[in-house]
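Worksheet: one structure, shown below.
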Amino acid sequence: MPVISFDNPLFTTYVIAATLLILKAAAMSWLVVVRMIRENGGFRSPEDLRKTLANPNPNPHQLEPNPHVERLRRIQLNDLESFPYFLVAGLLWIQTQPSLTLARWLFYGYVLTRLAHFIAYLTAQTHDMRALLWTPGSLILIYMAASTLLTALL
Amino acid sequence: MPVISFDNPLFTTYVIAATLLILKAAAMSWLVVVRMIRENGGFRSPEDLRKTLANPNPNPHQLEPNPHVERLRRIQLNDLESFPYFLVAGLLWIQTQPSLTLARWLFYGYVLTRLAHFIAYLTAQTHDMRALLWTPGSLILIYMAASTLLTALL
Amino acid sequence: MPVISFDNPLFTTYVIAATLLILKAAAMSWLVVVRMIRENGGFRSPEDLRKTLANPNPNPHQLEPNPHVERLRRIQLNDLESFPYFLVAGLLWIQTQPSLTLARWLFYGYVLTRLAHFIAYLTAQTHDMRALLWTPGSLILIYMAASTLLTALL
């Protein structure tokens, strides 16, 4: 049976985790958009001070960093630092034919701890709490990559 | 027929869009390089003020943010916030066997609106125009990911 | 023989390069963590000044940019600007059935020049040296994407 096929439960598990992460990442962009509209600021380009339909009363303060928008951008960057790597690592790792149980724990564990990390970051929990929720995802990524590397080398 | 094969027009369509986006992203890095050379500035590391063959007359202003270089970096980051996700989402979505017509519209529509967004950003069009050209790409990404997720779940 | 299979030496070569890059990227996040602990600063969120187990004596200087932490973040961003694209480009390029010798040169050449670039950036070598070590990776990425695009078009 080919690995990359919806008949393969390993692949289906990967796809569910991967598409949830992609939707989460796409949602981050929209959260930034919505926040910039609500705050009427947090813009970054000089031309964003031009008078337009969406910005009828421009003023220079709109280019200052807005704490709410900056928080969302930090979360987005934090996702970027691992999501693309996880998406590729996961696809390669299922080629090593891990057990479905382990795959479910790791794929869904990554998604769930990343969602928890997002909520902790959004609601400004302590740095310690964020670190605690960030660590499992990083270890899962390292495990998948290292395990796939070993299979390729041996 | 395997999905991932140049005999499959769905895969070929995906590959054309994917490689165009990758070339666009690689070009962004070179645009930043060329702009830093032309502006003789926009550097970010303290050691970039050392006297070298490429920088025979260093001066501290070279470390200040340069508006032209910063604009290119914002465009590059904007690409980064969706290209990697689109590349993975597209590869997974063609596993759901969408119609070739729809795939062409979505893949080429994404590439074309992203190129238009790039030109609008580079030439400092209004925020409204940028938003208008950014939205289709984001909706295409969300559609592909959501549609693939549903196939995996059902 | 399917392309995506550990029986295919092209795929195995790709997997070795890809997983090394993913491990390198994951290591960058941990280097940032370790540096922030050693510097006791370089934080970015206002809530990181709250008194916690890991930060028993908070002070406002901890939110200032720390040169060592910022350097690691620039390296991480530089990786992000090409690793995800290389990971996808490499997977698509092996579908074009390049020779194994060329694949080994390009895949391992990318990994080695990126590791050399990392060491040059970390130890604050000149901008010229960094540029010299950055260029091969970018050209390899462009070659892979362009060559795959041509195969898809022809």
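Read from first to last, the chains carry the letters A, B and C; within each, the first residue is number 1.
Note that a contact is a pair of C-beta atoms (placed from the backbone, for glycine too) under 8 Å apart; a residue touches a chain by one contact, two chains touch by 3 or more.
Keep in mind that what you see is a predicted model, and the values were worked out from it rather than measured.
A.B. asks: Superimpose the Cα trace of chain A on the Cα trace of chain C, which carries the same sequence, then give the rotation angle to the nearest 5°.
C.D. replies: An angle of 120 degrees brings one copy onto the other.
A.B. asks: Chain C and chain B are one sequence twice: same or different residues at the contact, by the over-half rule?
C.D. replies: different
A.B. asks: Measuring from the mean C-alpha position of chain B to the mean C-alpha position of chain C, what distance in angstrom results?
C.D. replies: 17
A.B. asks: By the touch rule stated above, which residues of chain A touch at least two different other chains?
C.D. replies: Answer for chain A, listing residues that touch two or more other chains: 2, 4, 80, 84, 88.
A.B. asks: Which residues of chain A touch chain C in the complex?
C.D. replies: Counting only chain A, the residues touching chain C are 2-4, 67, 71, 74, 80-82, 84-85, 88-89, 92, 95-96, 121, 124-128, 131, 138, 141-142, 145-146, 148-149, 151-153.
A.B. asks: Show me the residue ranges of chain B that touch chain C in the complex, using the header's touch definition.
C.D. replies: Its residues touching chain C are 2, 4-6, 12, 15-16, 18-20, 22-23, 25-26, 28-30, 33, 43-48, 50, 52-55, 76, 80, 83-84, 87-88, 91.
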